[in-house]
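Chains here go by letter, A, B, C and D, matching the order in which they are written, and residues are numbered from 1 within each.
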Amino acid sequence: MADLGAIVRDIAEEMRALPDKGKVADYIPALAGIAPDRFGMAAVMADGTCHKAGDADVPFSIQSISKVFALTMALGAVGDALWQRVGREPSGSAFNSIVQLESEHGIPRNPFINAGAIVVSDILLGRYEPREAIGEMLRFVRALAGDDSIVVDEDVARGEQETGYRNMALANYMRAFGNIRHPVEKVLGLYFHQCALAMSCRQLALAGRYLMARGQNPDTGRSVVSPQRARRINALMLTCGHYDGSGEFAFRTGLPGKSGVGGGILAIAPGVASIAVWAPGLNERGNSLAGTLALERLVQATGWSVFEPGLGQAVVV
Amino acid sequence: MADLGAIVRDIAEEMRALPDKGKVADYIPALAGIAPDRFGMAAVMADGTCHKAGDADVPFSIQSISKVFALTMALGAVGDALWQRVGREPSGSAFNSIVQLESEHGIPRNPFINAGAIVVSDILLGRYEPREAIGEMLRFVRALAGDDSIVVDEDVARGEQETGYRNMALANYMRAFGNIRHPVEKVLGLYFHQCALAMSCRQLALAGRYLMARGQNPDTGRSVVSPQRARRINALMLTCGHYDGSGEFAFRTGLPGKSGVGGGILAIAPGVASIAVWAPGLNERGNSLAGTLALERLVQATGWSVFEPGLGQAVVV
Amino acid sequence: MADLGAIVRDIAEEMRALPDKGKVADYIPALAGIAPDRFGMAAVMADGTCHKAGDADVPFSIQSISKVFALTMALGAVGDALWQRVGREPSGSAFNSIVQLESEHGIPRNPFINAGAIVVSDILLGRYEPREAIGEMLRFVRALAGDDSIVVDEDVARGEQETGYRNMALANYMRAFGNIRHPVEKVLGLYFHQCALAMSCRQLALAGRYLMARGQNPDTGRSVVSPQRARRINALMLTCGHYDGSGEFAFRTGLPGKSGVGGGILAIAPGVASIAVWAPGLNERGNSLAGTLALERLVQATGWSVFEPGLGQAVVV
Amino acid sequence: MADLGAIVRDIAEEMRALPDKGKVADYIPALAGIAPDRFGMAAVMADGTCHKAGDADVPFSIQSISKVFALTMALGAVGDALWQRVGREPSGSAFNSIVQLESEHGIPRNPFINAGAIVVSDILLGRYEPREAIGEMLRFVRALAGDDSIVVDEDVARGEQETGYRNMALANYMRAFGNIRHPVEKVLGLYFHQCALAMSCRQLALAGRYLMARGQNPDTGRSVVSPQRARRINALMLTCGHYDGSGEFAFRTGLPGKSGVGGGILAIAPGVASIAVWAPGLNERGNSLAGTLALERLVQATGWSVFEPGLGQAVVV
């Protein structure tokens, strides 16, 4: 097998040459202005090596990828009681759908669609003051990545707040069912700031290491979550991480992954690598077009599907 | 770690003692008559060893588990062209829901809900004469299991045919969209017979070995499907194998699995084991209650989640 | 006010000159072959006078308009017990939608969508042998119209039967819920034949007189239904007679009406007139485009809305 | 026929004796505190006579009945352009459903469900300053009723505002589609105040006279709306005035009507009477239980269905 660094660089080159790169999210100016031909990729291996290519050190808006970190924090705060307020099933619907909330009485299908992540924000506000909560999350993500330079992009946060009518609708709707318990503005304040976290592929891949490493932060050796919880977060990422494109992503890559509307994807090859990719053009389901293809290529070249026998044995270097 | 044979036997004992065993399917007499306290389990390892307990050699109606074998055959017959007629997304709905077919123009969400499996039957009828098709499938499953004693339970097939109004509705509905191309009676004739395959846990686990072994039949060394296709079928089982309980099953076990209304589940630990379990009592989503719990226990004891680093290395014996 | 005969002739002329006449139903050859510029209109007054224009004596396929006569027969057969199996609410959905049947357990919203009319056919089969039922309906409609020359168009009936997969789906689906009790082929046999009744505008307007005349057949003076039941059938026609275009039709004409995919509409001005119009081109909701417009013009010219004070006093002649 | 005053009094007596009076709305204290055995009824005839019984002079919260007056004002302000932003079809869904808004891109089905009425409020804010708008509506309703003592119940308005999360969800959701154009708080401020109008049956029946009288205010002889628009508002009331119970109401009474969650119903017998009834206990669809029954009795006794030939001729006195 080719050298992994070369694989990553080849993929970046192929992606840069793609004729159709999808459509950049344009609902806020701070995202609409991103050049569609940006592409970055970083794979942090179990041993700490990082293979990267393209714009792997350029920060971008991680958006819904933050839902993985928020869920991890909220599980730490309230444990499995969280699952009384959020489901664990793929929704079969778009990221911002409100339809199921009506028939399912305000309980969102999973923590990785907007409605579910808003409930997770509400749960965090039961633990932290609104003013503190985003700071806590920033500290958490910085510690995971081992990088104190990660920040919230206030332009993005402001843009979300000014246009987030669907999310306001979702939050108010769930409040009507009693599944949002703090003032909607505060819940969404936290949610919009978390979505506005700006990270590079390298930082994101570093932050995702605990999900590849049985729940441990390799920098500190400390447990972020239990091995079982790490497996379960991965399971949720595989079944629910790409909205109504989750099945397709699992079919094509075989990796737990979480996408964001900023064009990023975090994917986990348990025991092997934490991988982040960024390509701002989206496919028709709101997931990164070239990012998905890049991960598919990576799995073809390396065999890093969770469905591949002996994943974690045959690690390339 | 404890000896695997002992683990399987302990699980069987625990399951037999469960106070609530769920509700046995009762829509046809041949299923309604099954005793709810039946329990069998068999795990066939990569090296061919088989660990089993309880009623592991008693044949039961595999029902929807047959969808895995039918999909495999149909992919062999027409290749990826199949995906123009069936999707690859979790449905978020019950096994026999007709709702999505209306807005999605007769294209079922995936091959593991009834509508999708009926399209797969229709595809097989493009390759085999109706009279031959069920014989072909029987030959196929017998070859996979290395066991010529597997049969179709004609009582069950007849029962399905007499009560299968929902499936007739699904088939006619898709025919209205042009996604069923053969006469509905013939398509359903094949579908009902395939669902009526009677297999024991041991036979089922043997038949599933190609999905653990990169697509190869270990008996013959011959390729049943390519390694990539084996990974992809596993991915579909993980995201779609338990209807609107698929996310929950993935969350709890971390294994690709396919359930049937007869109470069986086939689960795959790639590179490690093909596992079949049978407990006829169902949970509220139509999946085996004790069967799911048994697989959760097995994963807890063995670490055989696909999300566990190094699965396939630490094989217990 | 102008003379009513002149009004009807002027409308016919205006309709013939319409640039866009809509799209003729093309799911069966016997309908697809109808020339889109056909237009007929007939208004039978309380005193028996008939004003007509255009193709008012050319028989066409009345299709879903037959649902009014079938409902009337079924109410005669089983009385208000019928309403335990069919609702009385507008569906808000297309004529052949299956979606609501799932959440509403096989009870169709009203007797004027396909699903509801199929249940009405099933109810009639509880009273008449399949072989007799269509003969009974023919006798009933002939008596209402006072015209023994009305027939079933067997070409149309055969066409429906050969392509009616959606209706087969609806019938099987409701049978799964126990709301169809006779063999699906027999229920649909009756349904397809009833839809294939061929009537001219004049015959249809004559057949509808009992709905304008407090339930009486003016020819015989005999009660077809009670005055209350006549009012209620009119109410159902107003709220449900045009599928998901019912509100629009009521808004524009203010008349109880029932449309058919053959391009006919029967409309009732209680105490004043029974009106039939035929224009085969359909709008996007499957209702006659020029037919609806013609009735709107008629109401503008005559004030025959049920919401007009004193309707029935100011009858023009 | 009995004297109409006696009919109204008999109905009031029968309703007071009803064993099951339904469930009083309890989502705000100001409504929850209303005694369930309240009953009032007032029928204002074309000649100005008023027949009343029970609590016909006790003001109650008219709630959604205000949607009729708001629609009338908004049609006066922008004319039929209003229909580009609100539909005219029965919804087939509950009063506060959000489901259809998703598939129908933020266009509510009709102006008498909450979402539609919120758009109507937004349209009024295009004409009046927020601070003025509720004053204008109050002036309008007072002029219609010829009664300057009508007020807004501020307790009710405050209660709505504090608990109106579903309405906030609806408004924000439609704002995401661009169908709400003013700040959500201001739109809902108007909406909640309009719902909090307190009127007695007598005042309400007086205010509804223009809908019986071809659009004229009988006090002033001035046109409130054109005769055609009066007919059309009546048509909308008949098809959409009782949410997903509209078909049933039309079937049972044959009258255009609009219900409110406070237990009131305004019903119109064109040319004959404007009728208001109040009974705070609701049926399972959120419409007044005894109010509906009272109107059904009234129609049985008087024949005032719009589907009755010659309505407006046979006026009882």
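Quick note on the criterion: contacts are C-beta pairs under 8 Å (C-beta built on N, C-alpha and C of every residue); 3 or more make two chains touch, one makes a residue touch a chain.
Labels paired with UniProt names: A, B, C, D = Glutaminase.
Because the structure is predicted, anything quoted here is derived from the model rather than measured.
A.B. asks: Which neighbours do chain A and chain C have in common?
C.D. replies: B, D
A.B. asks: Can you check how far apart chain A and chain D are, centre to centre, with Cα atoms defining each centre and the answer in Å?
C.D. replies: Inter-chain centre distance comes to 48 Å.
A.B. asks: Just give me the whole-number Å value for how far the CA centre of chain B lies from that of chain D.
C.D. replies: Each chain's C-alpha centroid was found; their separation is 55 Å.
A.B. asks: Per the centroid of Cα atoms for each chain, what is the distance between chain A and chain B, given in Å?
C.D. replies: That pair's centroid distance is 31 Å.
A.B. asks: Could you list the positions in chain C whose residues touch two or more of the other chains?
C.D. replies: Expected reply: no residues.
A.B. asks: Using the touch rule from the top of the page, what pairs of chains touch, sorted by label?
C.D. replies: So the chains that touch one another pair up as A-B, A-D, B-C, C-D.
A.B. asks: For chain B, which residues are in contact with chain A within the complex?
C.D. replies: Per the touch definition, chain B meets chain A at residues 46, 87-93, 100, 109-110, 212-214, 227-228, 230-232, 234-236, 238-240, 244-248, 250-251, 254, 256, 270-272, 300, 305-313.
A.B. asks: Show which residues of chain B lie in contact with chain C when the two form their complex.
C.D. replies: So the residues of chain B touching chain C come out as 97-99, 101-102, 165-166, 168-173, 175-176, 184.
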